[in-house]
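What follows is a single structure, written as structure tokens, with notes after it.
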Amino acid sequence: MKILKKFGLLVLLSTLMLSGCSSSNTTTDSNNDSSMPLKGTTLNLYTWDGMFPQEVLDGFTKETGITINYSNFDFDETMLAKLEETQGKDYDLVIADDYIIELAIEQGLVQKLDRTKISTIDNINPIYENEFYDPNNEYTLPYGAGIPLIVYNPDEIDFEINGYSDLWNPKLKDNLAIIGNYRVINGIALKSLGYLFNTNDLTEIKEAGDKLKELAPNIRIINDSNLQDFLITGEVSVAFMYTSQVNQALLTNPDFKVVYPEEGLGFGIMAAFIPSQAPNADAAYAFLDYINRPEVAAKGFEWLGYFVTNKAAEEYISEEMKPLIILPEDKYDLIEKGEIIQNVEDDALELHTQIFAEFQKETK
Amino acid sequence: MKKLSKKAILFLVVVTIINYLPIILTVVYSFNSSKISSVWGGTSIVWYKQLFNDNDLRRSLINSLIVALFSCSFAVIIGTSAALAMRKTKLFFDNMISYFSTLPIMIPEIILGMAFLAVFSFFKMPFGFITLIIAHTSFCIPYIFMLVRSRLIGMDPSYEEAAKDLGASSYETFRDIIVPYILPGILSGVLLSFAMSFDDVVISIFTTGPTVNTLAIKIYTKMKTGVTPEINALATVILLISVICIFLFEIINKKSTNKTQTRY
Amino acid sequence: MKNKKLGQWLLRLPVYLYTILFVIFPIVYMFILSFLTKAHTWGFTFNLTLDNYRKVFSSFYMGIFFDSLKLAFITTSLVLLIGYPFGYFMGRLNDTWKKRLLILIMIPFWTSGLIRLNGWVIIFRSNGVLDKILMFFNIIDKPLKLLYSYPAVVIGMIYFLLPFMILAVYSSVEKMDWSLVEAARDLGASKFEAFKSITLKQTMPGILSGIVLTFVPSMGLFYVAEILGGNKIVLISTVISEQLTKGRNTPFAAALSVILMLLTSLILSLYKKFSKTNELEGLF
């Protein structure tokens, strides 16, 4: 036991050493308390890792005195599970995907926003509001939107890619990288067959499953993160990926070609909401107010790489990023024409998971 | 004992080197200036600078150490006492309990994570350090229990008898015969379970609360959104710390063994 | 005498309590869950059904079970093949080198497994370290495309699980009685015979726990298949995790894991039977 104790001591020691360095850069704020009514409280922010640049988070803390406790989930579903288990009690502000918010609202886990508490609320671009998950705009504020698109390296591909169906071209054998979102991938098979993303028709979904199996030989990798890297390093010549990845690819190599598939687009919106029993809702309002200021939002979106959902922020976006993350007004009809992936009926959802698993099994 | 043949030594060396290849590359690539973690873009320490300014990451490292430390300590107490208790006498439920206590490492982690999530909310426990430590302890126990037990199985009962015959009390027998004998088992159990706890992602995600992020969760989510070379830099730092820890541990260990030797 | 009995109970108390509360209870919970019906969002409703099991036994999921077992089997055999001699030779080194090697094995274990996997990505990727080396020696002339293939996943699995086997074998070699080997040799047994009848038998506990410690996790390491297999190799644990998260079907995931658990126990008991290690009664 003696050795163990010493061993524990060492670990403890190294812990202390580390916490020692951390305490050295705690900032001492000398601002007076009256301007910061929420000073000393904590905001429990629950979203994916890397949604905000450190600068924005630090700026908020500096201005309000509110400490941000940033915790992460990997999938939307993990977030929902956690929220259900804790009855919406542990978190003050959540940012997640559209379809999962619909479920959270349905479960009574979301509180209505008091929109008067957010002075910057008019900056939001209305095109991204009143969507299916929150039709009366009561519960959420959008924060970023995206469309998965096809990007390819024209030097490596000797034919033109115009839509999803071109991905089935046998010339792309072992040369295609795709994201792992099964609803999106099943969706492109549905779309290439002329069906809808959100169909509840089981025979259509089944047909899409068979079609998808034919895509298997072309797949080199299925991955949700960093798909742009595979394209940039030449691991693959074609990738079907999320907006932020499309943008990162283009920033690295402007010669890549982007395809808005002719069969139709799948839209996705991320939005922020306050859980029903948030312990510190006021801090959440303060944060929403802060991140929707034009300059702050611009910084946030440049970092995030998704479409800017804050109209006022657009003019603050750098020239380099503007064409990538601002959806021009003449393309607004893309949102109206494009479909948002929504929740489907239970048996359709189950079939979706199954055809995707079968497809995955086929790819090895 | 005969010396090992050259071939055997070569085998040990080659396997060890292969074992270290990914780590060496991780260290090398932590000095890579390119943002794409697998492509070389020149030397730079920019990721270390970023790392040392990342309070979040440091906090999660401390959380991980706390969780691993407590879970291992509890597992040592529970696992060792169980192995000792079940050594000679067998009670009716012993087989069942030892089967179930080792189950956490038999089932996929994700099941345990979900089961814990459900059970903790059933008990109305607040999610955070306590739930994390309980969950981690459950998969640390089997390592210590199994390793200590497998050592006890191989123990020659005559050692103990001899000690008793020489007039040692049962406490003395325990302290001077049994503890030194099972110590290697406990130690390798601790090393294993500490590493498992430190590295666990799946169970942690389901059992942590809003205030506690462990390092493994942080890395996992970072890898999902983008393997920044910052992570490679972090791995290098952790590697360095564990090397230093083990080195210090070795020195202390050597000193204390010298002492015990002089006592006799 | 009474005191001794009390002591026996006190020693057992922690493990009994812990196991009942935090292992048996959650598992019973999961077992019950596997007979319930998925709720619309997350969670379940109390409608008893056998549908989950019906689905598990469909040819598709059985195929995935088979694939996972195959991968686990390949991995375990290779790990045993490398790990046994390693642990054995290690046990025969002198004390200083023993300790050094033990430390060398443990160190990588302490850095994040995910990060180490990324190290293999650097090695395997097209025009990566391995390709460059092989091209330099003119062994290949174009990239192997080893990343995101079955062999890459197997190597990743071996890499992950080898230390478990080494440590298990090593700890049994450590307590081996070498005089028996010498005696057998003195009595005229060949090196191989002595190994077979003495060494192998004495290290069997180590081999067994090594196999347990590699076979079992190898069916659950879905993130190795994710990262080195490019998500293309589907294991039963992949399906379970997808059902739990994206599929939001907890009862079905519970049913899959109940079967997986039974399967693991079955394999272990079979192994125990065929290896005739009665002295290991206590181990599972």
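Each chain gets a letter, A, B and C, in the order it is written, and its residues are counted from 1.
Here is the rule we go by: a contact is a pair of C-beta atoms (placed from the backbone, for glycine too) under 8 Å apart; a residue touches a chain by one contact, two chains touch by 3 or more.
Fair warning: this is a prediction, and the values are worked out from it, not measured in the lab.
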- Outermost chain relative to chain C, judged by CA means, is A
- Query: Across the interfaces B-C and A-C, which one involves more C-beta pairs in contact?
  - Reply: B-C
- Query: When the centre of a chain is set as the mean of its C-alpha atoms, what distance in Å lies between chain A and chain C?
  - Reply: 34
- Task: Provide the C-alpha centroid distance between chain B and chain C, rounded to the nearest whole angstrom.
- Result: 16
- Note on the structure: Check: chain B positions touching at least 2 other chains come out as 37-38, 118, 220, 223, 227
- Mark out which residues of chain A touch at least two other chains, giving numbers and ranges. 74, 78, 81, 233
- Item | Shared interface positions of chain C, touching two or more other chains | 125, 244
- Message: Please output the residues of chain A touching chain B within their complex, sorted ascending.
- Response: 1-4, 6-8, 10-12, 14-15, 18-19, 21-22, 25, 44, 46, 48-50, 54, 69-74, 78, 81-82, 85-86, 90-91, 224-226, 229, 232-233
- Task: Spell out the part of chain A that touches chain C in their complex, as residue ranges.
- Result: 74-75, 77-78, 80-81, 84, 103, 106-107, 174, 180, 182, 219-223, 233-235, 346, 349-350, 353-354, 357-358, 360-361, 363-364
- Interfacial residue positions of chain C with respect to chain B in the complex: 8, 11-12, 14-16, 18-20, 22-27, 29-30, 33, 82, 85-86, 89-90, 92-93, 99, 101, 103-123, 125, 128-129, 159, 162, 164, 167, 171-172, 174-175, 178, 205-206, 209, 212-213, 216-217, 219-220, 222-223, 236-237, 240-241, 244, 250, 253-254, 257, 260-261, 264-265, 279-280, 282-284
- Task: Write out the stretch or stretches of chain B touching chain A in their complex.
- Result: 36-39, 52-56, 58-59, 61-62, 65-66, 68-69, 73, 76, 117-118, 120-121, 127, 179, 183, 186-187, 190, 205-206, 208-213, 217-218, 220-227, 241, 244-245, 248-249, 252-253, 256
- chain C residues touching chain A in their complex are 38, 40-43, 60, 63-64, 67, 125-127, 145, 147-148, 150, 226, 229-234, 238-239, 242-249
